[in-house]
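Naming follows writing order (A, B and C), and every chain is counted from residue 1.
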Amino acid sequence: MTASPVRPAGLVARIWSPFATRSRRRRALIAYTFMLPSLVVMGVFMFYPLIRAAILSFTNYSFFGVAKYVGLANYTSLFQSHQFWGDLGNTGYYAAVTTPVSIALALALALLLNRRQLPGRGVLRAAIFLPAVVSLAVAAIPFRLLFTPSIGLITYWLGSIGIHSSDWLDSTTLAMPAVIIVGIWKDVGFYMVIYIAGLQTIPPEFYEAARIDGASAWQRFRNITWPLLSNTTMFVTIIALIASFQAFDQIFVMTQGGPAFSTETLVMLIYRQGFQNFQMGYASAIGYVLVLIILIFSLFQMRYFNRRAIRY
Amino acid sequence: MARAGVSAPARPSAPRARRRRILGTGWALAVAVAAALVIVFPLVWMFTTSIKPESEIISAHPGLFSATVTGSNYVQAWQAIDFPRLLANTVIFAGGVTILSLAFDSLTAYALARLDFPGKNVIFVLVLITLMLPFQVNLVPLFLLLTKLHWVNTYQGLILPRATNAFGIFFLRQFFMSIPKELEDAARVDGASDFKIYRTIILRMSVPALLTLGLFHFMYNWNDLLWPLIVSTNSSMYTLSSGLALFLGQHVIQYGLIMAGSVLAIVPMVIAFLFVQRRFVESIATSGLR
Amino acid sequence: MRLRLIGASLAAATALGLVAAGCSSGGSSSGSSNSSGSSSSGGHVTLTYWNGFTGPDEPAVKALVAKFNQTHKNITINMSIMPWDTFYTKLLPAFAASSAPDIAAMDTQQLPQYAQKNVFAPLTSYYSNSANGTSSLVSAAVAGTKVHGTAYGVPVNFAPMMLYWNKTLFMKAGLSGPPANWAQWQADAVKLSKGGKSPQYGIALAENNTIPMWPVLMWENGGGVTNADATKSMLSSAGTVGAVDQWSKLVIKDGIAPKNITGAEADSLFTAQKAAMEMNGPWATTGYQTAKVNFGLAPIPAGPKKTVTLADVTSMSVNAKDSPAKIAAAETFFTWWNSKSSQTYYAVHTGFVPTNTTVTAADLAANPDVADFQSVSKTSQPYNLGTQFTNVETNTWEPAIEKILQGASVTSTLNGANTQANGYLGG
């Protein structure tokens, strides 16, 4: 890419001085050369559709015929719709539970399974990671069947020890916890593996030194592990937040947003309005409101973690 | 808790420490095994269902295992789809995306993590925004674009839109940021170019992260059912999971058959994970740098 | 060594990128679904056909299409089977990109939404040409393909619902045969229900993700979701309110059915012999036989106002943008598909009722259950909510039933749903 000849050390130091404008332009050139392949692919296949979708959100596009510009009509009718606010509430509920719980569980499991003395940790890691490998469309089948009252294996076992459970998915109060559990089940192993990869980058000498100083396990975690994991944690929290704000698959398969819309999320609404009611302009507007919400949360998180991140 | 405040090193005697560590490991093992069992239970059910005769899958007295074991679901699943062809498509698709994406993502992540240039934050946020727009919204403009390019039903239509990935860029950026600057500075003084630093220092120190990301890319595309079905109308272009999706009938669910097909699709991914997992351990053991 | 690996993978990636960008097509060229493409050269017509006949339906559909291609040298049907969810997600962008298939199959409930966008060619002249043999098609199946009086599709398959009843459970409860009218039906359902540790239900009554079951109850009581041409809601009519009131009370108070279940769960309950009755289509017989359920088939018991059952119809339509040659070829396929011999094969292998009335019970001897279902064809009617299907069904009456089963007032909930539905239908 950038075939730079070997230069004398003094010259290098001068070129890399932050005050030289020539070098600034040069550095920009290098940086953009590095990013060129990604930017081309992203520009064509992501940014371009992104902009097209943004334009659609100001039209009455419905797949057929010519789309007409309608100004902010989609957005204003969106904010006046009870359905939107209800689904926003459901989405917030889902995200507010799923994000912190799955991250905390993932970190705990990562710390547990990063112990070098632990026998069989490879197999255990694989077992916990396994749900990430299964497509939710398939995984939802056992979940529905295992929890069906009177024929489901789990409800049957619970029943035989005297606990009678109603069908969670068919109750307006319990359906959401049920799809949240499946969401956490699916992603916790995935985040755990990211945390394990993060733990690998912490030099073991730090722990040796701390141990010699007599630091307790909690102190080692508080003063070494947690701060040094902040890059990983920032990544995991933002990814988990995006994923939970976009929850769709298991809800689509398990409840279709019901009963009585108690599990309908914004992405479900997008799907319904766009692909079942053909209101793609309106659906795109919902999509962009969702982007805005996630973006605001993510920027807050980034600021928070950037202030705490350890930089070398 | 307050032991750090004690000035003299308060190390317990060696055998006690060892006993405590063993005890701690025992607890850790118990908790980890319990967590793994809970998590893996639905998948165990999938497997045991796949070897049950269809007549015993749903019953008033459900059990994890049945008295009779049958391989007929696997035989049927194998015969119902062109398994080798679908597998080859999946490997081309998932493998192609993984290789391209690892290369492109790591280059961009290097620039975002280690270089200072105008527009850096803007680009980073733009990259993240591509993750935030739901696929359902992006799908229509993307499909129209692929049709215009005549890329529907082609491998490039399947692979190139995924050749780079905001998730991957973000993931690697975070890891590249944790690599100590001193190593890089020493190389710069020796006159190394950025590409050389990227290649010899950053990539080399990020092998666990690259393997992990490679596994994620591979797994995600391996599993993806919707995208291959959207981009290809030709069943000879289908991937394994989209082919297996055809087992799910409109009115009838053949539990044993679907579960057998799913198990067949999972097994290669488990092997891939265990492989990457081993490399994890190796990379720590062999890296003298840490 | 690791370094070299990465270097090599980089080189491979670049090479692959170049190859991918350079080569024009990885798939077979016949897979092109461009309807305006030049695939009709020299008298030979290639038609793309999308549908969602997955699962047990797939082999028979594939075999028939292969047979058609073999016997029609001038026409090739290029079929793509995908799950229905994917099918609907994909069809819309495909229409927008003018790359929609020549023939698309879909549930007749969905058809009006597409037909009103003028994406399918009207088939008025096809039906009026006596050479096409449309007069021998099941009338309920044809009725489902009509939108405001114009037919936009030809039936692919047809399935009236029947009452599956578990003989063993009936006998245990001291009942000798299936119910014949609502009074017996409701009394039997109560008698067959047991609460407690291991509950048993009189009937498995699904309301979401299912073939319509509640609407059948509404119809039999003189009500319905909408009127016949789907211009006005009937959700607050006396018939609908009465039906929902009676059955929801039985569900809530007597526990005759579990609340808010999906079609798949209803099937599982019947399979496990935990539900004694279920309204279902002919596709279910194989599964229940495999599970060794001793069941009988009966017509849906006579309602207070009429005796009627649901006709579940899937139809196929031809792309409005197709050339006359392609439309003619598609019509050849339609006629062949609904011919006596094709329909006999299809019925025997899938359990669906033949769309062609000239197929006799004797022709169906290889699969005797089909004849039972065929016998209730005459009392069947399609479930058609017109162009507002999604809004009226998933947005309005399904959530209303869900709320009622959670304890909400029947009359006020249905009145609210009625206003909501009329808002969609009028607007």
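Keep this in mind: contacts are C-beta pairs under 8 Å (C-beta built on N, C-alpha and C of every residue); 3 or more make two chains touch, one makes a residue touch a chain.
Fair warning: this is a prediction, and the values are worked out from it, not measured in the lab.
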Quiz item: What graph shape do the protein chains here make by touch: line, ring, star, complete or other?
Solution: complete
Practice problem: Name whichever of B-C and A-C has more C-beta pairs touching across its two chains. | Solution: B-C
Exercise. Could you please state the distance in Å, as a whole number, between where the Cα atoms of subunit A are centred and where those of subunit B are centred?
Key: 14
Quiz item: Measuring from the mean C-alpha position of subunit B to the mean C-alpha position of subunit C, what distance in angstrom results?
Solution: 37
Self-check item: In subunit B, residues with contacts to at least two other chains
Solution: 58-60, 62, 103-104, 140, 144, 160, 163, 225, 245, 248, 253
Exercise. List, in ascending order, every residue of subunit C touching at least 2 other chains.
Key: 17, 89, 92-93, 96, 198, 264, 268, 272, 274
Quiz item: Listing for subunit A: what residues touch at least two other chains?
Solution: 37, 63, 145, 150-151, 275, 280
Quiz item: Any idea which subunit A residues touch subunit B in the complex?
Solution: 1-4, 6-9, 12-13, 16, 18, 24, 27-28, 30-32, 34-35, 37-39, 41-42, 44-50, 52-53, 56, 63, 109, 112-113, 115, 117-122, 124-135, 137-139, 141-143, 145-146, 150-153, 156, 185, 188-190, 193-194, 196-198, 200-201, 203-205, 212-216, 218-219, 228, 231-232, 234-235, 238-239, 242, 245-246, 248, 267, 270-271, 274-275, 280, 283-284, 286-288, 290-291, 294-295, 298-299, 309-312
Quiz item: Contact residues on subunit C for subunit A in the complex?
Solution: 17, 85, 88-89, 92-93, 95-96, 113, 117-119, 197-200, 208-209, 258-262, 264-265, 268-269, 272, 274, 390-391, 394, 398-399, 402-403, 406
Self-check item: Residue ranges of subunit B in contact with subunit A within the complex
Solution: 1, 3-4, 6, 9-11, 21, 25, 28-29, 31-33, 35-36, 39-40, 42-43, 45-46, 49, 58-64, 103-105, 107-108, 110-112, 115-120, 123, 125-134, 136-138, 140-142, 144-145, 160-164, 166-167, 169-171, 174-175, 177-182, 188-191, 193-195, 198, 208-209, 212, 215-216, 219, 222-223, 225, 241, 244-245, 248, 253, 255, 258-259, 262, 266, 269-270, 273-274, 277-278, 280-281, 283-284, 290
Quiz item: Which residues of subunit C touch subunit B in the complex?
Solution: 2-3, 6-7, 9-10, 12-14, 16-17, 20-21, 23-28, 30-33, 48, 50, 52-58, 80-84, 86, 89-90, 92-94, 96-99, 101, 198, 211, 263-264, 267-268, 271-274, 281, 283-284, 286-287, 290-292
Quiz prompt | For the subunit B and subunit C complex, residues of the former touching the latter | solution = 54-55, 58-60, 62, 96, 99-100, 102-104, 139-140, 143-144, 147-148, 150, 152-156, 158-160, 163, 199-200, 203-204, 207, 210, 225-226, 229-230, 232-237, 242, 245-254
